[in-house]
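Two complexes are shown next, each including subunit A; its partner changes from subunit B in the first to subunit C in the second.
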Partner chain A sequence: MGAWKEYVANLRGVPRAVWHSLVRQGPPVTDRSRAEAVFQNLFLHIHSTRIHRWSLRWSYTMGLGLICAASFLLLTVTGLLLMFYYKPSTVLAYQSIKDIHYVVPTGRFMRNIHRWGAHLMVIAVLLHMARVFYTSSYRKPREMNWLFGLVLLVLTLGLSFSGYLLPWDQLAYWAVTIGANIAQSPRELTDAIGITRYVDIGGLQKTLLLGSRSVGEDALIRFYVLHVFFLPLLMAAFMGLHFWRIRKDGGLSRPADADERLGPPGEDVTPVFSQAPKKSYGLMAVVRGTGPNVGRGPENTLPSWPHLMTAEAAVFMFTMAVTVALSFFLDAPLKEMANPLVPENPAKAPWYFLGLQEIVSFSAFAGGVLIPMVTLLGLSLIPYLDRETEGVGVWFGAAYRGREVAFRSAVFGLAAVIAVEAFAIRFGWLRSWYPGIPQIVITFFNPGTVLAFLYVAYSVWIIRRENSTRLGAIAIFTCFLAGFIVLTLVGTYFRGPNWEFFWSPSRWPVH
Partner chain B sequence: MSVDDRSKALGRRDLLSLAAWGTFCTSLATALVGMFRLPKPSVIPDPSLKVKVGPPGLIPELEYRNVAGRNIFVSRGEEGVFAISAVCTHLGCIVAPVPAGFNCPCHGSRFDALGRIIGGPAPRGLDWLKVTKAPDGELVVDEGEPVPPGTYLKV
Partner chain C sequence: MKKLLLASSLVTLLFLVASGLSENVFVPWKKYQKEYSLLLAGRAKDPQQKREARDAPIELHQIVVPDLGAFDRCVTCHRGMDNPVMAGAPNPFRPHPGNILKIHPPERFGCTICHRGQGAAVNFPEAKAIDANWDFPLLPRELVESSCGICHDPKAMEKAGAPVLAEGARLFEEKGCHGCHRLGGLGGSLGAALDSAGLKTRHQLVMANLHGERTTYRWLDLHFKDPQGIVAESLMKPDYPTDEEARALTVFMLSLQAERELPDRAVARDRHRLLSQGHDHGERDGRTLYDRLCRVCHGEGTLGVFDKHLGRFVPAIRNPAFLASVDREFLRANILTGRPGTLMAGFEGGMTEADLEKLLDFLAGGAALPERRAPTQRKLTAGDAGRGGSIFARQCAGCHDPGEKGQVAPTLSSRTFQERADDGMILETIARGRPGTAMVAFAGTGGAGLTKEELSDLLAYIRSLAPRRK
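Right, the complex of A and B next:
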């Protein structure tokens, strides 16, 4: 009978036993169990068990990196749901999107969330890059993580561009036609030198992208595979690398005197170690690089559980709330079905590409390939060219004149872009005056390249005048940011049919 | 042979190691070439680029668009029949005929009535396309074969 009693007791205890076999540490009430709550969990253990108080300040990170990750998660889930109904074929794609919009239960809502999530992600990625830049967080040892961040930026834009074709409406078709021809635009250069017959990089890029001469079935399936599998996979891999490097590089950047700046923690926070904790540094000793805690005395860190976890949950909730609210009120657009004979007029890409479209309207190669590539190269080189060490972890670097230089660069950047744009809009450019001018002159001398040259020249002048590479970096980054914003606004709000300038869409000619 | 000389000479293990690395890199490179070759189609899946546009007598003296559902303009001048592609040489939008010639809706390239560039970002004028006469008397335009501007077919 003893066995029977034990059996009944076991039966009663099943839920508790299952729980304890799942979560093996006790409730997170001591420092040790809080640490275990993080590192014994597969999904949480990408976090360190303790986090510096500086990294938790909203005014420092603004949660921007987390918003990127949260939007990606949101996009993965909604995208997966949309895949149940979407059919990647030129005949069925448009109808299946209409079905998702009008017939599928919650389909319209999910598609809206997918669209707004994508927009939010682009904004968050750009702002996150600006945050990292203006706090000098790309400095050693974080150079490589800055580069991974740039890869993530490119992947984000690639994902949104590849997703743009899938609805197979007029907007999609012509935006991707333009994009594919930008990929082909190196021909502008090879044509000018007369070597396209032998080295046709542009043609090769376009063929690889479309699998055909024009946007059709092959292009749609390629974009679909890129959008739902290849790019998300790369994105997840690089996100993993990006997060992992944060820990390997010693947590988020913070000033050397972060502890003094913070002062003692408030009484409401979970107590901080007052002495070095009892833990083994055995592993740390064999790993190259600096762990966040090695060689430090009393730590100004808090346990990740609950402090970081609640902060992350808050950001995820915020991201959800914003996208859901937008999706509730604003529908994702769907134009007429794609018609290869009649382009949209104006044919506009998504807003974050309209700055690019604006300089593409001066020269396809310079605006679509040359300037973006030079910008990316410049961004990649920033951590290797600016190796000053002061001011890490503080907005604009307090000891510097960073704030002042950033402000003056913003003024110069705005003035330059507005002047160049106004000139080009009012007077036209070389082709309007000399129709027979060789294209290669325009490729290298057009409003876009002139603007880029002005920005570079201004930054070089700042480096020499202020005798600081950091201030030069601030100057050029701020200038390009200002240029990007103004060009995007012009492309979005002030360009109408035939890409002509209009003060407002209400003045567009009716046809 | 001194110890020094022996350490400089390529030993048996070094040779095998080099051979192994060579094999590894060669097979990897071959695999990569194969993988990168696949996405570039050897047969372009587009419909045929040659299109019949009707007998010469039906070709109007004014340009008209979308002949046989294609983005080409066919016209007849004093020198003969000619065809101009409607695909803008800037970024591939379809130009629209206007009294002065053609306008591109996407980025504002402008061309005159013979497809020569007169404004905007397009790097060159619109392509002229080869026109031939089929055995049944109809004219055939080949979208895949640009010809020098000013090439006419006498009819």
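Right, the complex of A and C next:
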């Protein structure tokens, strides 16, 4: 009889027992159980168990990194769902998108989320980079993580671009045709010095990208594999590295005097230390570097559970809310089926490449290779050239005048790009005055390179005048950001058929 | 943070539910199917039928015809399409008019092969696809006949349900469209070839002057009525067709889809010959050929005509004086290569060899036109091109501009003219003129009284206009 009673009791206790076998620590109410809630969980244990209050300030990070990660997650899930229906073949791709749009239950919504989420992710990645830059968070020991971030930026653009072709509509076909021609642009240089016959880097790049001479079946399957397998895998790996390094580099950056700046914690936060710690922090002593608790009391750290977890959930849900709201009201574009015989005019690359396309309209090599390579190289070098230590963890942080230089550089950067563009639009460029001019001259002397030169010169001037590499870095980063924004806007809104200037798309001649 | 979390979660939930409902529950086609069930039940004869109508599952229907590229979901709403019981019901439940579905069972042909439109769509605005990102929007009822011409010979359809299409094909020939446009291997090269005119999308036509709906069929209709109003630089002669004529021509244009790949099973036997030999299957005589190819510019061809649209004199190619100075080879060369620099574009490839000979016979008008006229035996004195130039400026340049374009009368500098017209012909023409045209006789007492020497000088000058070989 006893066994029977025990059996009944066990049966009633099953849900509880299952829960306890899953979550071994008790409810997260003590310091210990809160810590365990994080480090006993495979998915959460990438977080530290305690987090500094500075890192939780909304005005510091704006949650941008998390928005990137949340978008990626959202894109992965919707992308997987779309893969069930999408058929990567030139004959079937367009029809399968139409099916997703019209008959797959909620397919239209999923595709919209995937499309708008991708745009959101590109924006978030760019803004996240700006945040990290302006708070000097790339500095030692975070140089390598800045580089990983740049890799993630390139992967994000690659993922977005490779996804662009998949619907196989006119928009996709001609945007990728433009992209492939940009990949071929080193030929402009090799042609000019007459070595294309021996070293055809441009042709090789284009062939690698498309798998054939023009955008077709090979290009589609190539982009598909890149988009659904290769790039996401790399992305996941580098995201892992990126997060891991945050932990290893001592959490998010913060100023040395963060504790004083913050003052004592408010009444409403979960007590900083409710109990005397039962474990020593001895382990930290054998770890190199400055962990959050080495040589300093843990007073201004909060338990990650619940503070960080709530914040992350909030940012994730916020990203989701914005994306689903957009996706409910706006359908992802889908034009006529790709038709190699009917070129789109203007054929435009995805928006984040339109700044480059604006330069490409003068010289494909300058816009497609020279400027982006120089920009990426410059960005990679920033943490190694700026070895100052003041101003870490503060917006526009520098030894002095960071905010002022950022503002002045923004004004200079905007003025320069608008002046150069206005000149080129109003008066034309070398080719319109001297039709016979060799292209190699324009390759190195065009609005893009002129602008880059002005920006570099301005930044060098700032370094010498202010005697600060950090201020020079702020100057050039701000200038390039201003240039990127204005050129992208010009490419998006003010360029019409034959890449001519129009005040608005409503004035385009209609074909 | 907690407030943001809560608010975002609620917004997300709201839109997830809203989109789930709007894409799966409140969709128009489900509403139509429910209405159809009720209508059908109302018209049922016995309780059994009534029950069946009521219990019809609400589900998506589609007709898939892979070899025609049709994935048509039109039948999702048009449930009563093949049900005679639904006669008189409102759309989308009405049965298909006529016996077309008997001849062309939907399961073998689909809907969009005839009606165009976006078959994949499951709501009417997107199925209609006007001003949407779709190449072939739904055809208005009065233009649907055009689709018969995809698989059938238009002229054979006159009594078989497509009189407007047949009328369009007839008008195309009657109005001399072949003169500039090649179709079915027949016609000139001044205008665009029209074999696949019906497959053009709106992005291939200049839409700048088309206000309102930008569809190809509206473009065609208005372009027939006012070519220059739609395409400012168009050379097409305004023909001022009536509304019916413009519609018939539009229908015929839409039917031209030679490049479309069709399964053999769908194509009527008479269509194959039509694609290679034209809509009369090559059965045409010299007179017909002249009317189709030449008349639109040259008129009857016996008198020189000043064409107001072209802004120049068009040579009188059936003028006896003209014919007396030329041979078949001259005419053949002119017809095949045209006169570069003028609107006379070559017909090479635009007619068969037999056609060309029939046309030459017709131009000769029964008189024997020598294959090769012997060079004139008249003794020529070597002329002075300099003196000839001043005579030309005085006597000829008013009509024959020495430049490339030829002003209002035939250009004398064109290669075809210079290579094919021999000295005798040129002298003859200047001296005797072309009765019935603006070209009067310049020698003798009646005209300008040019002497033999002056004629020689003029000839030397005209020869100096020949384009240099590159």
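Please note the rule applied: the second predicted complex is superposed on the first by the 493 of 511 C-alpha atoms of A that agree within 3 Å, B and C clash if a C-alpha of one lies under 4 Å from a C-alpha of the other, contacts with A are read in each partner's own complex, and residues count from 1 in each chain.
FYI, contacts are C-beta pairs under 8 Å (C-beta built on N, C-alpha and C of every residue); 3 or more make two chains touch, one makes a residue touch a chain.
Just so it is clear, the structure is predicted and the values come from calculations on it, not from any experiment.
*Asks:* Scan A:S432 for contacts with subunit B and subunit C and give back first, second, both or neither.
*Replies:* The answer is first: A:S432 touches subunit B but not subunit C.
*Asks:* Which of the two partners, first being subunit B and second being subunit C, lies in contact with A:V8: first, second, both, or neither?
*Replies:* In the superposition, A:V8 touches no partner, neither subunit B nor subunit C.
*Asks:* Once the structures are superposed on A, label A:A321 by its partner contacts, choosing first (subunit B), second (subunit C), both or neither.
*Replies:* second
*Asks:* Once chain A of both complexes is superposed, is A:P497 in touch with subunit B (first), subunit C (second), both, or neither?
*Replies:* first
*Asks:* Of the partners subunit B and subunit C, which touch A:A237 in the superposed model: first, second, both, neither?
*Replies:* neither
*Asks:* Let me test your reading of the model: by the given contact rule, A:V441 touches which partner, first (subunit B), second (subunit C), both or neither?
*Replies:* It touches nothing on subunit B or subunit C.
*Asks:* Just subunit B (first), just subunit C (second), both, or neither: which does A:R108 touch?
*Replies:* The second partner, subunit C, only.
*Asks:* By the touch definition at the top of the document, which applies to A:V342: first (subunit B), second (subunit C), both, or neither?
*Replies:* Both: A:V342 reaches subunit B and subunit C.
*Asks:* Touch check for A:A17: first (subunit B), second (subunit C), both, or neither?
*Replies:* It touches nothing on subunit B or subunit C.
*Asks:* Using the superposition described at the top, list the residues of subunit A that contact subunit B and also contact subunit C.
*Replies:* Touching subunit B in the first complex and subunit C in the second, residues 342, 344 of subunit A appear in both lists.
*Asks:* Applying the document's contact rule, which stretches of subunit A touch subunit C when the two form their complex?
*Replies:* So the residues of subunit A in touch with subunit C come to 58, 95, 98-99, 101-103, 105-109, 169-170, 307, 310-311, 313-314, 317-318, 320-321, 324-325, 327-328, 333-337, 339, 342, 344, 509-511.
*Asks:* In their complex, what parts of subunit A are in touch with subunit B?
*Replies:* Going through subunit A, the ones touching subunit B are 174, 177-178, 180-182, 185, 188, 191, 204, 207-208, 211-214, 216-218, 222, 340-347, 357, 360-364, 428, 431-432, 435, 439, 442-443, 497-500.
*Asks:* Which of the residues in subunit B come into contact with subunit A in the complex?
*Replies:* Within the complex, subunit B touches subunit A at residues 39-41, 44-46, 66, 69, 71, 90-94, 103-108, 116-121, 123-124.
*Asks:* Flag every residue of subunit C that touches subunit A in the complex, lowest number first.
*Replies:* Counting only subunit C, the residues touching subunit A are 1-2, 4-5, 7-9, 11-12, 15-16, 18-20, 23-24, 60, 71, 73, 118, 120-122, 126, 133-135, 201, 203-208, 210, 214.
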